[in-house]
Amino acid sequence: MIFLNVDKKIKTIKKQLHNSFDVADRIVEVGEVKVGFIYLKSFTDNLIFSSAIYEPISNFHGKLDFETIKQLIQANDTKEIEEKDVLNNILKGAVVVFLSSSTKMLAVDIQKFTTRTPTEPPTSPVIQGPREGFTEDIKTNIGLLRKRFYSADLVLKNLSVGRKTKTTIVIAYLDSVVSKKVVKEVEKRIKSIDIDGVVDSYYLMPYLISRPNSLFKQVGNTEKPDIVSAKLLEGRVAILVDNSPMVLTVPFVLLEELQNPNDYYTNYIYASLLRFVRLIGVFLALLGPGIYIALQLYHYNVLPIKYLITIADSTQQIPFTPFIEILFISLLFQILYEVSLRLPSYLGLATSVVGALILGDTGVKAGLISPPAVIVVAIAKIALYTIPEQSAQITVLQFFFLLIGASVGLLGIIGGSIYLIAYLNSLENYHTPYLAPFSPFILKDNKDGLIRTTLSNMKERPYSFNNQNHRRQK
Amino acid sequence: MKDRTINIWQAGILLFIIIFANKILVLPSLLYSGANIEGMFCYLISFLLEIGLITLFIFLKRKYPTYSFSKLVKEKLGVITLKIVYVLIAFFFFCKLILIYNVTYIFFKDLIYKSSGNFLFLICLLPIVNYLAVCDLRSFGRTVQLFFPIIFIILLFCVITSFIGIEGMPLFFQSNVSDVFLTTIKHTTAFGDVIFLFLFMDKIEYKKGDGKKLFFLATFAMTFVCMIMLAFYFSYTYTSFMHPYAIFEILGKVKDYGGLGRIDVVAVILVMILTYLQMGIYLKCFTLSFHVVFPKLSDAYALTTFNGVFLILVFLLIRNLERTITYGENFLPYLSLISFVLIPLCVIVFLVMRRKKNGKD
Amino acid sequence: MARIKEYLRILTKSPIILIAFFIILTFGSISLGKNAEINQYAIVTAIGIDKVENSDNEVEISLLTFVPVAQQSFTEKYKVIKAKGESVSEAIDFAGLSLGRRVGFNHVKILVINEEYFSDNASVEMDFLVRDKNLALSTSVVCTDAKASEFLEAVQKLDSESSIKIDDIIEFNNEYVYSNESTLETFYKGLYGPSKSSLVSFIALSDNSDEGVTVSANNGEGQAGNSGSQSSSQSEKTIQNDGSTILCREGREIRHLNSEDMKKINFLRGSFVRGSITIENFSDEVFHNARLTFDIYESFINKRVKFENNIPIVNADVKVYVKLTEAKEDDLEIKENVDYKNMSEKAVNALEKEVKSIIKEGLDILRENQCDIIDVYTLLYNHDPNAMQNFLKSLEDEEDYLNHIIFKISPQIYSS
């Protein structure tokens, strides 16, 4: 008895896929039953198709029915699907099998991509510690996470986002640790996304936060599985996106940017010192040029006489006003930075020579820029990269403070700082204040704040995240 | 914007700043001129009055944990009294804003800005202060909490550095009791700002035993003020009247600190931070009072009214320091009646009415 | 019109654009055109005040000003600018005019006043400077016998020819000679205090270029990388520091004190760390008719006051730590214990006697001139204000109280 016209079915599906070049189909007759296979040859494993699906079926001698086919197929991921799910499964790398003697259909997942091996990500180098990094394949990423949690507590929920791309999103969390409210909110936000396609995890960021127009990063991101594991243990939720090596974590606090994976693989006193150095670097980067220009324009009386003489002598012949001079130097640095990002490596040396010697040294000798200004801007730009993840934000704020310092002096810089702190304090996502644990001050969380205590002392999870279970160790 | 609550530590730090900020600039020198070193007692007497206000607040908060002050006044004294009380409170904070701006403008202009006019200060101060006034109270509380260690460290630095430079003793017992009281009355303008606690009564989370934290922080602030005054009087003794800006002058004795030159800029930075935070809380109080008087008008109206009137008055009223002090001594002490008489009177009336009600029951 | 409406709709929908536009326009326009304040103010490092000859009121101001030079070698160039006026403020205005800049006092280290001003109340001339908030009251005050302008020129010459700075000399004096600072603040503190007395450091100028603080004879230019300075000074006079001070009462010079006089007074003032005590013709088990010089390492005084029958008594315990630094004897044999660590009782007694006599001489200087530099008045007043007031009322001349106070000095000598 014929329930399904296999040829017609294949034709219909191929038409739905616009007869794309990579659509492959096979039909085999086993006795009176016709079996049809349709799949995308660009990302299915042809070897597995032949050995595990086609051959067992084509070599079968007997009465073939749906249940028999299920047993014949020697692949792990086999499931019965509805008519409406056929296209989705084909597009996700499955082989859809149907029989003329049955209306049921089977999807066998034999997806195979060329993907890179997990290597150390360039954004988070470490001196000691694991060097694995996430890749673009979500299955590999899930595997990297799973092998760090040999426990049933790790929950992975699958979602799909993007009308055209139907990108797989996986939410990961520890069931006995995380706050259920946070998980619900994350799910709700992701499900409410109505977008064409998700190319990278960065696309999801604006939808996960309450103030998407803000300059400040409100979602954590990392390429390292050990960091994600640590964050899960603290009570956060991780969001893995297919085709993106960058995993997102929420809730996010600004303190995370001061912390570095190296801090946990080295002595705690040294790690604390490094955090202070990073903080000083941030202040230098943010406020250095602004304070310099404010002192020069409004408050020369604050400068000691020796520095004053140096600045006065060196700025005598500069044709620009101090603000234009600093702006010019900052822009030069920014242009050099942009160029160095985009140039091939063999041209990098030439750019460095041009930047350092010609623009820097010759500019000073020609009297276009003054040495103190070059030093101040150079220190600020270098200090920017003590926290490279926030370099974008700090760069923008650097210009902001430069403008404020040049127009209203120290009063403006202090005012700008107060405004910045007040604004950051108003940011709150997933019931977690942005500046926790400094503001509001949570004493227990400060064991891993600016100062890092020994790992044996960190007996509780951070209170900033409304966890269910605060106890880490006895 | 609907304000969220703040915890008792944040309220206490706000209290610390309010108690501290007014008293470290011109007040020590003025108190010395009036009552020599016994000017310290003038400060302590006024501080006791402020402690009285804090006690009243704690008492009210315990009795009416979820009530706001406006709701209490409305229920117990009626709508018209509510409007009158809040108009006076709005006026109080408005005058304080003008006074603080006046004094700090002259201070900054004298010492660190030379050729800048009002315009520069206004475009710098007003936007930030307006933002602080409209931002959520919890964000404001957290901001103040974050700045507190910086303020504390700078204060400690000022006090320790100043004590190093002390050489001699001032003359004690040169003034009598009447001098002390007259001077206290003349300078009550600098006190009484703790009534902001009443305005934010319903926004402060209060648990049993939290009153001690408020008293602790208030006393802590008082201690610092006393230390600065002592350092000032002991550093300058007979010439204290020549130095109008105490916190700045006590650092001025250090000639060359580690090759960094004069370090009195640290005091200027402290005053800048305190000015912003203080003006922010005062404007918040003004906005709240305005909203109570005109409930249908939003915060934007309050700020527009404030900014408009402020800009006009600032250009008319800004004079030199001596004139400001004269106004402060002759006219503005009446302002303190609002904080030291009106508010306690309201609270006493609540008590009496409550008792009567209980008696009837 | 529709387009304008569309733009307005976008702006009101996202006010951040409006705010950013406003900020950049306002602040940007202010900052782009603003020039550095350094170029608008003259940086003055020293001020001199002189009386103009043949004139009652006229004042001559000299300002040692830094002159910025467009160069890479960071050398300091100073110039002495002079200006006259009916008052100090007027003279400074004229000085600013001649420089073409406003005068900024934030970096002034010393104020030099001609000795003539101290023949009357010198604070009258300093009034303008005290009211200027930019001039720190910790500015050193120096009195000189020569013209203040010549002094500044000598300072300029000293800066240009050596790395010895006038600040170093003054600091040395403050620490080792006066045991206190001679600043505007201390001058006014003394003036407004009960004793109305103050000490002002005195540094002379010598016509003889072989004397005073000189280094080499060549007129060296500053070298790149060193903080040397270029000089256009014509002064041949040199600074001569001999540790002198002038004792002032009500701003007027009462007496010129040399370094020995200061040493005597310093025992009474508090702690100090310089000086020596010499005992002549000393004999004990170790020495015979020797002249011993002991260096004073440290000296402390503890004053305890009381009133007996309305008369104030000051008990001063003076602890002096000394070390033998020189022994001069005609037939001195080399002894084993030459550093004299354990001083003999005789030596201690001799030293105590010497210290007592030195302190008495210092007290006599203060009593003669009715200058209570040691601030005994405050001690007594704070101890018992009523008794002090009664005591003062009982005197014919209230300002002569120092002569009627009984001092009981108890020196204690220790070997350091």
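So that you can tell them apart, the chains are marked A, B and C in the order they are listed, and the count of residues begins at 1 in each.
Here, contacts are C-beta pairs under 8 Å (C-beta built on N, C-alpha and C of every residue); 3 or more make two chains touch, one makes a residue touch a chain.
What you see is a predicted model; the values in this text were computed from it and never measured.
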Centre-most chain [mean C-alpha coordinates]: B
Taking each chain's C-alpha mean as its centre, the one farthest from chain A: C
Pair exhibiting more inter-chain C-beta contacts, B-C or A-B: A-B
For chain A paired with chain C, centre-to-centre distance based on mean C-alpha positions, whole Å: 64
CA centroid of chain B to CA centroid of chain C, Å: 39
Averaged-CA centre spacing for the pair chain B and chain A, given as whole angstrom: 46
Shared-contact residues (touching 2 or more other chains) in chain C: 26-27, 30, 37, 41, 104, 106, 134
For chain A, residues that touch 2 or more chains besides their own: 298-299, 301, 305-306, 407-408
For chain B, residues that touch 2 or more chains besides their own: 120, 123, 262
Residues on chain C engaged by chain A in the complex (per definition of touch): 14, 16, 23-24, 26-28, 30-39, 41, 43, 45, 66, 68-72, 74-76, 104, 106-107, 134, 227
List of chain B residues in touch with chain A within their complex: 7, 9-10, 108, 112-113, 116, 120-121, 123-125, 127-128, 131-132, 135-136, 138-140, 142-143, 145-147, 256, 259-262, 265, 268-269, 272-273, 276-277
Touching residues on chain A, where the partner in the complex is chain C: 213, 293, 296-301, 305-306, 308-317, 321-324, 367, 371, 403-404, 406-408
Chain B partner contacts - residues on chain A that touch it in the complex: 298-299, 301-306, 407-412, 414-416, 418-419, 421-423, 425-426, 433, 435, 438-441
Chain B residues within the chain C interface of the complex: 110-111, 114-115, 120, 123, 167-173, 236-239, 242-243, 249, 252-255, 262
